[in-house]
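Letters A, B, C and D mark the chains as written, and numbering starts fresh at 1 in each.
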Amino acid sequence: MIKVGIVGGTGYTGVELLRLLAPHPEVQLTAITSRKEDGLPVADMFPSLRGHVDLAFSSPDKADLTECDVVFFATPHGVAMAQAPELLAAGVKVIDLAADFRLKDQATFEKWYKIPHTAPQLLEEAAYGLPELNREEIQKARLIANPGCYPTTMQLGFYPLLKAGIVDAGNLIADCKSGVSGAGRKAEIGTLFSESSDNFKAYGVHGHRHTPETAAQLQRFTEQQVGLLFTPHLVPMIRGMHATLYARLNQDISNEALQALFEAQYRDAEFVDVMPFGAHPETRSTRGSNMLRIALHRPDNGNTVVILVVQDNLVKGASGQAVQCMNLMFGFPESTGLKQIALLP
Amino acid sequence: MIKVGIVGGTGYTGVELLRLLAPHPEVQLTAITSRKEDGLPVADMFPSLRGHVDLAFSSPDKADLTECDVVFFATPHGVAMAQAPELLAAGVKVIDLAADFRLKDQATFEKWYKIPHTAPQLLEEAAYGLPELNREEIQKARLIANPGCYPTTMQLGFYPLLKAGIVDAGNLIADCKSGVSGAGRKAEIGTLFSESSDNFKAYGVHGHRHTPETAAQLQRFTEQQVGLLFTPHLVPMIRGMHATLYARLNQDISNEALQALFEAQYRDAEFVDVMPFGAHPETRSTRGSNMLRIALHRPDNGNTVVILVVQDNLVKGASGQAVQCMNLMFGFPESTGLKQIALLP
Amino acid sequence: MIKVGIVGGTGYTGVELLRLLAPHPEVQLTAITSRKEDGLPVADMFPSLRGHVDLAFSSPDKADLTECDVVFFATPHGVAMAQAPELLAAGVKVIDLAADFRLKDQATFEKWYKIPHTAPQLLEEAAYGLPELNREEIQKARLIANPGCYPTTMQLGFYPLLKAGIVDAGNLIADCKSGVSGAGRKAEIGTLFSESSDNFKAYGVHGHRHTPETAAQLQRFTEQQVGLLFTPHLVPMIRGMHATLYARLNQDISNEALQALFEAQYRDAEFVDVMPFGAHPETRSTRGSNMLRIALHRPDNGNTVVILVVQDNLVKGASGQAVQCMNLMFGFPESTGLKQIALLP
Amino acid sequence: MIKVGIVGGTGYTGVELLRLLAPHPEVQLTAITSRKEDGLPVADMFPSLRGHVDLAFSSPDKADLTECDVVFFATPHGVAMAQAPELLAAGVKVIDLAADFRLKDQATFEKWYKIPHTAPQLLEEAAYGLPELNREEIQKARLIANPGCYPTTMQLGFYPLLKAGIVDAGNLIADCKSGVSGAGRKAEIGTLFSESSDNFKAYGVHGHRHTPETAAQLQRFTEQQVGLLFTPHLVPMIRGMHATLYARLNQDISNEALQALFEAQYRDAEFVDVMPFGAHPETRSTRGSNMLRIALHRPDNGNTVVILVVQDNLVKGASGQAVQCMNLMFGFPESTGLKQIALLP
């Protein structure tokens, strides 16, 4: 049993961590902090947790997080970088679900996130928390930068093609669609039910923070010069993410060989499901589960490969992946506490 | 052509007024005020109005509303009472979509709305804007208190039974359900898509402001001592309101006679559709239209009548009804500009 | 480990049984029948089960259900009554999720379900599968009639008041709302997305099969003469059920005493959560879980008690309750395999 | 006033035609046929039409469509081709909302629609009903092939770039998203609320009938050799279509010049709204209206142009466009009866 703390338990990734960690057989939930909700029982804010979580939120000042074995940051960008150095110094491992340690390059971080980085000395050390591409680093890490939800789908979808060097790496297109929970639990007009229900739109087409993260990591993992055009859209559903990825083949290859490439790559990945060639994965097939599903297409047998990727943005796209990293960091079997079957319908 | 002003055009009843008034053949939109959005073209905030509304929001200070023939207040409670006296003095008619003049009794208002009433001298004069029950007063009025959305359904549903004196007026139950747009266009967590989609709940069961409004008006219109238990619920849909009303018969009466009672009552009401006995009206049959539909039921031929009432909460429940009142006040045919057919599907 | 068979695995209660039984530590899934889908891997129809369920559907002729310890019928009404006698004779326990054995009275069954009952000799023996009110019978039963979804909420909500004899049992009103999955996985126009999304309506107000079931069982459990008016409505959400129950007190009682009554009744019920007096339970707080939540209200401190009840119609309202019964029948701890936390958001 | 008939009034394009034509000042609705619903008042099937449409469905045998000036076919593929020759011979104009006359090439039609074409002699004559690109032909036509919903967005989005010859015509990508009503009003499991709500998926990625239609028409209109990769997706909303189009520039051009190109092209198009460069159009800004909105993007100022296009699939994507064609065919102002403002929220 390890002692686990959560900083920022009032958002969607926070409550999702609680759903996954409360029944986790190796975890003892020790502290959940919220400055604003100090003293409020967690289950009063999230009645789904009644009977499962007895903790109350505590003010960051009062909670002694240094007693924990690991602390998750389910906070806005900028919080983890402020507190991680002290925790690490006290021997506590840190998993940041925000962006503070996702970009190795400080200048790029500051350009896209528009805040100064206060712990640049940790950028190099932080392990990028995408187990399927970076398992060994994660196992040895003290500090994890949990990937963004979109980057998870884009990287796992493009990786086998880039690694094999069979597509034009400089001209990737990722047309991605996210459920509304990706915007977080913040009081904003744009994500009100009456604004986002029965509606569909693109956003941030001019440029999104997940583009440099995805491009840089893919480059690091595949040693290819990546050019990526990423277009995010908002879907009127709570959870779910669908990536439609387009890559141009630079050589002749059969559909069978393409399929074999993906199956080989993810043979041992418990949470990546390579579906039959030509399948149409649905986001709901991952609702509440840590699975990510991939299917390949080759329209008109042309030279463009279309890769469809789905996941639950709050699980494999955030809190589930963070728990998967935790399992690796502490030597638990990778899928411990993560075997929930998707809720369908 | 009359000159029309709107105070508070940035909420849902505001944009709905614009949708109805922009093509209204007797109306010239003259001013739309918003302190916060001064100078912003209205169509920049609501792209649905591009090509239909050329006005920009103007600060209340700059807009000369006294040039208007009528001013609508699509504002929070408390704004109309502050500005109405001056406008009325300048010969401008006023239609308030909020609650400032709905309750004749100042103490009751202040109890439920928790703000002092600053224009109590107008309470008696204000005409309650429910044309089907109060047409003559409205035609002569300078100042209209537009009914709440729930009260419209409850009053039109219960009225014929109470007027005929055939039900136990002291034990009415109204189990009502509203789409989320009824909560307005405010940045709040509770009405986020991720909070209210795929969910259903009751709220305010202990007591809701629309209970005293409904009871008092029904009492005034029917001269019966009304006891009303009202339970509001939130439905994951944008527009639409459904009232399920329960009344106990105090005498023997056939279903045919019940049905005849309602048909006679609303024979000349263009916007009240009495459906066949036993029908199940759907809210979507009124989406975007000013129609309110009613159907009667008598489960197991017992002594309880169930009245089902549907409307679009933003049209007959708010802005459409306000335009209907305007038409009456200026002698236009009652349905001018209000003949939109509901959007189905 | 017991061997479990499912007859009719292609509907929503079928796939929900699979979600709950596949990871159940005491269960070995042995056979899933479907005449139409013989040979199709279950996970091809429900991709959420990929990696969790390896079985294929088999034709009823081929599947030897008599090898099972228990067989669930997730079928339309009429199927279980045809097959149960043979299975019981072979020593197999039977849990019917349909209505075949819910009504003790054959004539009432045939009146409401419009099919002849082919196994009336089993009506008396069948245990009504509502553990909170009928645990002992269930533990000893060979044949379970799993309750309807609406009846579960109505019975657990009204029971403590009726048992205590403090309300007018002859005048109960149940205004209930269900998610669309309650209509099942059948190709029908009325439950298409484009018909039932962004819409709300009542249905079957003239009379619904769940009324006699609820009234008869409540009468049996409480020995009161029950008069029930039940109005079902359709909510544009996938899962979830909300009952708003109205009962008239026939004596003076404090709110504290009311609350104490419910808390005492359900103190040992793991799956009934009595929330604080005046709470507003949301259906989503039970999404995917076997919890049913209850909250009491007393509007205006009058003599009507309003009881709010929520559950997931596919879990506590169907498949979860069936598994709960199975646990009791085989002596497993009642909550085995049923501890899933609701998915929120 | 012209006499108008509708063949197949029970689907979504049928009821949408009725919504638009009932209040059309130049139209007298004369006959609505349905073999199955003969005698049923139209408003009994679609209560939204109560008070607006008095007609009943009539069997095709009884309805004398040759008395009409124009007949709309809101039918499955194959019906219009069977009846059009006789109607045209009788001097009746025909507007087909299905695909019978969209493809000039009989073999291509038969390959994609898998039925023999029974009126190939009309293929050449039929005018493609996309007014913005084909107004003159439509004005003179007896027979209109109303475009598919997806092709309308793709053609109007790509056209100015192709016409100007500034993009690589052989490598167009169209990632399109449609509301569920596009699947029609058919009893099917895949479009049930419980299957398509809170879900997102691609479909038909291997090949869709709208690809050859779009490519062929764009080729005809622009005289460029078009290569198009089209990926359709299903969005959990009733109405609305969003196209995200990707085209590679083959020359240097400023964003201002790109924007000017589109504004010049659609200056006189009442129903095409070119939004400011960099805008993100939302589908709801067209809900219920005949507007199509376009916005241009140039991510990272690279050499790919992203064109965002939105419309209501049932209005500009189907019935509204058909009425627009009718207006042109009979010399009415193009926007007659089509000035509805979108319903927002």
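To be clear about the criterion, a contact is a pair of C-beta atoms (placed from the backbone, for glycine too) under 8 Å apart; a residue touches a chain by one contact, two chains touch by 3 or more.
Every value quoted in this text rests on a predicted model; they were computed, and no experiment measured them.
**Student:** In terms of C-beta pairs in contact, which of A-D and C-D ranks higher?
**Tutor:** A-D
**Student:** Considering only mean CA positions as chain centres, point out the chain farthest from chain D.
**Tutor:** C
**Student:** Go ahead and note the Å separation of the Cα centroids belonging to chain A and chain D.
**Tutor:** The answer is 39 Å.
**Student:** From the C-alpha centre of chain A to that of chain C, how far is it in Å?
**Tutor:** Result: the chain centres lie 36 Å from each other.
**Student:** What is the distance in Å between the mean C-alpha positions of chain C and chain D?
**Tutor:** Here the centre of chain D sits 45 Å away from the centre of chain C.
**Student:** Which residues belonging to chain D are in contact with no fewer than two other chains?
**Tutor:** Residues 12, 179, 181, 185, 194-195, 197-198, 236-239, 281-282, 284, 287, 345.
**Student:** Under the touch definition given earlier, write down the residues of chain D that touch chain B in their complex.
**Tutor:** 12, 15, 19, 22-23, 46-52, 181, 185, 197-198, 238-239, 273, 275, 281-282, 284-289, 291, 293, 314, 339-345
**Student:** For chain C, which residues are in contact with chain B within the complex?
**Tutor:** Of all residues in chain C, those touching chain B are 173, 175, 177, 179, 194-195, 197-203, 205-207, 229-231, 233, 235-240, 242, 244, 246, 278, 280-284, 287, 297, 299-300, 302, 304, 306, 308, 310, 345.
**Student:** Residue numbers of chain A touching chain B in their complex, please.
**Tutor:** 12, 179-181, 183, 185-189, 191-198, 236-238
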